[in-house]
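Scrolling down, you'll hit the structures one after another.
Next come two complexes built around chain A: one with chain B, the other with chain C.
What follows is the complex of A and B.
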């Protein structure tokens, strides 16, 4: 008869700590991600004090957001992010389609991995690096002047919404390629063969076959770029002019001014935007389809 | 890699476009590195190669201290984020509610850095207040300063940021592993730990090590969350942000940005090279094995 396990063995055994150990990431993410993010809504209704905030219920932070230039800035940053999404889609998605459609299966992942390299370079560096490129004596102006396209440097690129859009595209384009490719992995090769055999034109294949099938990935990539365009303060801080303000910058400014309810209200608005977008996307395209290749 | 249907030139044009996009994304970082080695700095007509800007960084005590903090933070993130990513991937495979779990694990990717950082900042301030009140109530000082802004809070912020990457990288590797192997090992009398360590881990090792490298790079590069959650110390990226905002494009800021770029390109470049070589070797081996079968 085998000896019964000791208390220590039972505690650390498969039905003890080992079993509960699997819940550690879940508990961690609930405690330090889901809870703080959800609580932003609660804190946004708190009352502001001189250095902090106290429990209460006031809509003052939202009033302060919607009745000032902040709401207008938020709408403008939504517009800029929307433009960034369109540009990133136009530049990045055809790459995902090309790799899936024309590159042999064994080499597809290797080609997509090429985009990991720029993605892993610090976003700060990538955005900072745009300054000497877009600036008055930057590479673009020098090139255009050397080619005699312009006689004087263009000064309206850097510190403008155009620079913000360029910065966002440079920062987030690889994500469109990744999510587009992930979605395209669910599209079997024979679907392209059928289109080719039927002699369907490229535009129609793209519009009526590829885009609907890859819609979950396109949507996920677009939401990522759109929401980060709204919430990452780094891009407008480094590349945008005085008028380039997004939600992330409003949050930072509110924290510096010790207006925590306003910071939380702005965060809650961004999170609400994200949740609504993901909900619509999930209802329309079933976003879980993107996860099929890794499931 | 031939295109059966399109023309050869169209195929080449598409490849050229793909490589041009990769180049365009990398070019700014390479430009930064190039300028960081110029004695005369940015926008100078003359180029003289020098290490002086990098020497200046190493001579700057604040920067060296910030590098040390960055290193400690990266090590701590590796030892927490990667095991958690691994456990999460294993949990995901056996979980019944996969969608909810994976949504929770990947959601931090979608929440912008400044938004998450501000939420965590207020959360930690509240938690700290709660624990201090608890200490006062119980009359013991045990809970004082648990969530005061500092190394621990910065670490938590970075774990939340890096865990989705570690999780996805390990999960991709794990998706090739067959659970029947674990069942076979258990059937042969191995404990759960032995089955994991001796059978499963060797097959997912590449994913675990790759996620270590990714997490290191992400931690080194992270600035926004750490800036709000770090308390009294500075990381390298935080100093760089300060330098860019206050001084602008100085030789030193180019060298700092160059350091981050060189580190990222080297580490990720090594992983990519290793992956390419390994998958090429596996492909050749598979072809060699298939050859006799095909000739039969």
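What follows is the complex of A and C.
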């Protein structure tokens, strides 16, 4: 009768390591996603103390979020991020399609790599660099005044929601280009050829063929931009108008005031929003397709 | 003691301070290797001498291992009260008025034996005479902190652009400057300075502008919300560079801000603008920064090293240099005499400039309506909630 394998053998024996390798992503997700999310949720119901918080169950932090203007600020922040997503799609996705269709295959990745370059510069510098462009005496105003298009500087660009949207598009556009390009890589060349052979117009090809096939990638890029628009505090801080905020700044301000349950509740609301968004996206576009080649 | 007494004494005394009263006593000529180390969590303005802390180490006789801290009071409180601050740091600087009380109440910092700090006898007298200034270094009657700089925050203005010297916060809210005005993106200074204006101009009844009741906070925020909706404010600035940028670029011509912002913005603009720092007749938010010994520092026997550093902070060597370099008010008497006695380091022109800073400061400190900074007002929740409403308006 053969001896039963030891625990070590069971762990490392035939397919043992492979079997455990399967659990690595699961462990990663538990440690770095599920656990922090669960703690965020639990802490959001804790009682606030002067300098920290103590275990308990209260909805005070949520009440504070929804009954003050924070909910309104959050909705505005979502709206601005949504507009940024639409503009980034309008600008970024055609670039991805162009590179995929018109640039020779050998050069495509190099061209796309050019879009990494802005990421080499600190985001703070990139966002701050918008100020001399959009400002009262900035490049745009000077140009328009030199061309006699305007007689007075336009002051509604900088320090306004417009500037926040411009800042977000400039900062996060590469996300749309990358994810759009990756999605387009899965679209075989023959599909374009078939469209051409059938005499399908460019607009219809784009609308009825390219966009549906690349939808999971477009959605992924949109989520990246939307999440950053909600969470990155730099853009509204530097380019926004008086008191401009997004979800990241709401959390930050709660922490500054040592109101940790409120910070946790705001974070939980952001997470809830994004989970709902991902669920809708998955139902509409089947997000697992992002990782699958299109057959 | 009322605010006016404090202000008059605080700054005029450093101008006329007792000549020759102070020496940099007790600074040993030890090599760096022989010096005792002090792990110091400090803001950049707590030093003089260029880019590093070498001059501070050399002149205090303590090897300072400095970790630079941000300007956020919450970060300090968290680290010292619920974090590992006491394990990591022997001493720290504060981030605004009221922090020392918070830290002392949680036993994160320890009381000091001022008899071990020879220069404590040179501290501005107001710190020993009771009242608001004295409270900033004490908790329950015991000294817990050593002040090293102070100021009264006011309003910067571009004289070239507006053509006059404003003496009231009213101009910040005047429709003729609609869209050319900025305030700080921080409910502390912005609400306090606005409250000072509303109280002193008789527009709103406010008890203590630094520690308002919820209804008072509401009235102040409502006033700002109405103005914001009319487009009065170009932006609420956040961070030193941002504060400099909006003034230097001409985006705004009036801004409630820190005094060093004015100095740097003026250097950046050259002849294009003439940015000055005013004295507001209604009053200003007044503050000081202090250094404290942590509980962990005492447990590790760092008292003597801390007292050497505290001694340096209360020496005219430090006061004269931080005044001339950054425009902050010295916290000890004898600065004027020290500068005169050290003409090589402080030539006549530099002395004149430093004294001009002090003269303007003493003017600001003499305003009756001044209010001390308070980073933890008792109705903090009302401040937070109304600030969110102002942001959403």
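Simple rule for what comes next: the second predicted complex is superposed on the first by the 254 of 295 C-alpha atoms of A that agree within 3 Å, B and C clash if a C-alpha of one lies under 4 Å from a C-alpha of the other, contacts with A are read in each partner's own complex, and residues count from 1 in each chain.
Heads up, the rule we're going with is that contacts are C-beta pairs under 8 Å (C-beta built on N, C-alpha and C of every residue); 3 or more make two chains touch, one makes a residue touch a chain.
A quick note: this is a predicted structure, and the numbers were derived from the prediction, not measured.
If you put the two complexes together on chain A, you find that chain B and chain C bump into each other. In the superposition on chain A, A:39 makes contact with chain B only, not with chain C.
Of the two partner chains placed by the overlay, only chain C lies in contact with A:243; chain B stays clear of it.
Looking at the shared chain after the overlay, A:51 reaches chain C, while chain B stays out of its contact range.
Once the two complexes are overlaid on the shared chain, A:69 sits against chain C while remaining clear of chain B. Look at A:276: by the touch rule set out above, it reaches neither chain B nor chain C. In the superposition on chain A, A:231 contacts chain B only, with no contact to chain C.
A count of residues in chain A touched by chain B and by chain C gives the higher number to B. In the superposition on chain A, A:137 makes contact with both chain B and chain C.
In the superposition on chain A, A:98 contacts chain B only, with no contact to chain C.
In the superposition on chain A, A:118 contacts chain B only, with no contact to chain C.
Residues 52, 128, 131-132, 137, 237-238, 255 of chain A touch chain B in one complex and chain C in the other. Note for the complex: chain A touches chain C at residues 50-52, 64, 68-70, 72-73, 76, 128, 131-132, 135-137, 155, 158-159, 237-238, 240-245, 250, 253-259, 262.
Within the complex formed with chain A, the chain C residues making contact are 72-74, 77-78, 81-82, 102, 106, 179, 182-183, 185, 228, 233-236, 238-239, 241-242, 245, 249-251, 380-381, 383-385, 387-393. The touching residues of chain A, when paired with chain B in their complex, are 14, 18, 21-26, 28-30, 32-37, 39-40, 43, 52, 91-92, 94-95, 98-99, 102-104, 106-107, 109-111, 113-118, 120-126, 128-133, 137, 139, 170, 173-174, 196, 223-224, 227-228, 230-234, 237-238, 247-249, 251-252, 255, 260, 263-264, 267, 270-271, 274, 278, 288, 291, 293-295.
Residue ranges on chain B touching chain A, taken from their complex, read 1, 3, 5-6, 11, 14, 17-18, 21-22, 25-26, 28-29, 31-32, 35, 42-43, 84-85, 87-88, 90-91, 94, 98-99, 101-102, 104-105, 107-116, 118-123, 125, 156, 159-160, 163, 167-168, 171-172, 175, 191-193, 214, 217-218, 220-221, 223-224, 228, 237, 240-241, 244-245, 249, 253, 257, 260-261, 264-265, 267-269, 272, 275-276, 279, 283.
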